[in-house]
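Beneath this line is the structure, given in structure tokens, with notes to follow.
A, B, C, D and E are the chain letters, set down in written order, and residue numbers restart from 1 in every chain.
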């Protein structure tokens, strides 16, 4: 899994039938800032993930990829390879808080 | 999943029997422009995906990879690892429209 | 899937029993030349794939990766993650032929 | 699999039900130092993995990815793609010890 | 699959029960030297793979990744994503021998 920031959304009217009604979010994987290790920075990559938790724009989330994206009740039979499994409250690295939802 | 642009097609006459009759498209993954975040730019990578939606050249699509590519009615038993699951209408990032099918 | 060029082969006498008798080819993934988009160029990566189609050295092929590599009749129970599913005749990009088997 | 260092943790209160009660750790993949091959260095990447072994901060662990992350008794039905399967005692490369838990 | 060189080993005493008794090797993926294409060179990456063939340090092996790593008799139920499926005797590229076990 990896931590990502929700930065947008995708609309696709013409799609595989089973995908109708599922919210598709733009997520950008984040990693520990290699220079000071004191915050999270973007990896510059862009993915699309299904949201079943009602995530808002700007939130940090936990993404699972691959066949395990089908291991939630809402996504069991969907042709998807990425789903949000949690909304991140805090990330601690080297015993310091590098992300806190309350201050973001 | 990721957003990609359909830029071409592949023809292969000699192939695994189950693949006969399936359209193979060249797709290039796109990501948010890291400089201005105001549009989508190519990642420079090239993949091949099965199309079951009748996508046209130049369209932006949603691609699913891995075993989940077999979770659509038409691809259940195919030896494929990438399929188009939607045609993208709009992509919104940072509350701005970075792609709109109607203007592309 | 991706387009790759067959550039060699691997011989391994000591191997998992089920792999005996399966041809192993060296394949190099190709992508659209980012400078002129008029031909395919190597990505510089090297993989090994099982061949069930009788591919020759120098041919361009279509490779499937992951669990779907086991979705062909000959590879159902093999411990493999890459197989050739087609021999490429032509690749078209931006409405121009960037590869033609007859001229290669 | 790969060797990674446990450098932090993630807290997510709102999450998929089945994930409640599972410890989520920040892990950074390590590789052999390409310059002197005498130690392990970070790859600069950041992942999140489930811990079922009670790993401590700073420990080096073995991570498995993909569907196999569901092949441990505690993770069978979880929507996860990375789990810690061992705590690393020693890593030997080129017949020299490049990591020893007792001296770290 | 890919060709890799066995350069070391990992010892982990505390681990998932099913992993007890399985040999864990450090393997480094190799690729065709992009400058002269006459030999194999390291990619600089480091993985850990299960060995069921009794491979020695310095040997070149064939690695399978993902769920297919569980398709050998010894690894069926293991939480692993990489296994050695063969010991490489020769690698031929562009009709020249770029690796020969007998001369290495």
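Everything that follows uses one rule, which is that a contact is a pair of C-beta atoms (placed from the backbone, for glycine too) under 8 Å apart; a residue touches a chain by one contact, two chains touch by 3 or more.
Fair warning: this is a prediction, and the values are worked out from it, not measured in the lab.
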Between chain D and chain B, distance of the C-alpha-averaged centres to the nearest whole Å: 33
Euclidean distance of C-alpha centroids - chain C vs chain E, Å: 20
Sequence positions of chain D contacting 2 or more other chains: 66-67, 69-70
Chain-level touch network, classified as line, ring, star, complete or other: ring
Circular arrangement of chains, read from chain C onward through chain E: C, E, D, A, B
Chain B contact footprint on chain C (complex, rising order): 1-3, 30-32, 34, 52-53, 62, 64-73, 83, 85-95, 98
Contact set on chain E toward chain D in their complex: 7-19, 24, 26, 28, 44-49, 57, 66-67, 69-70, 77-82
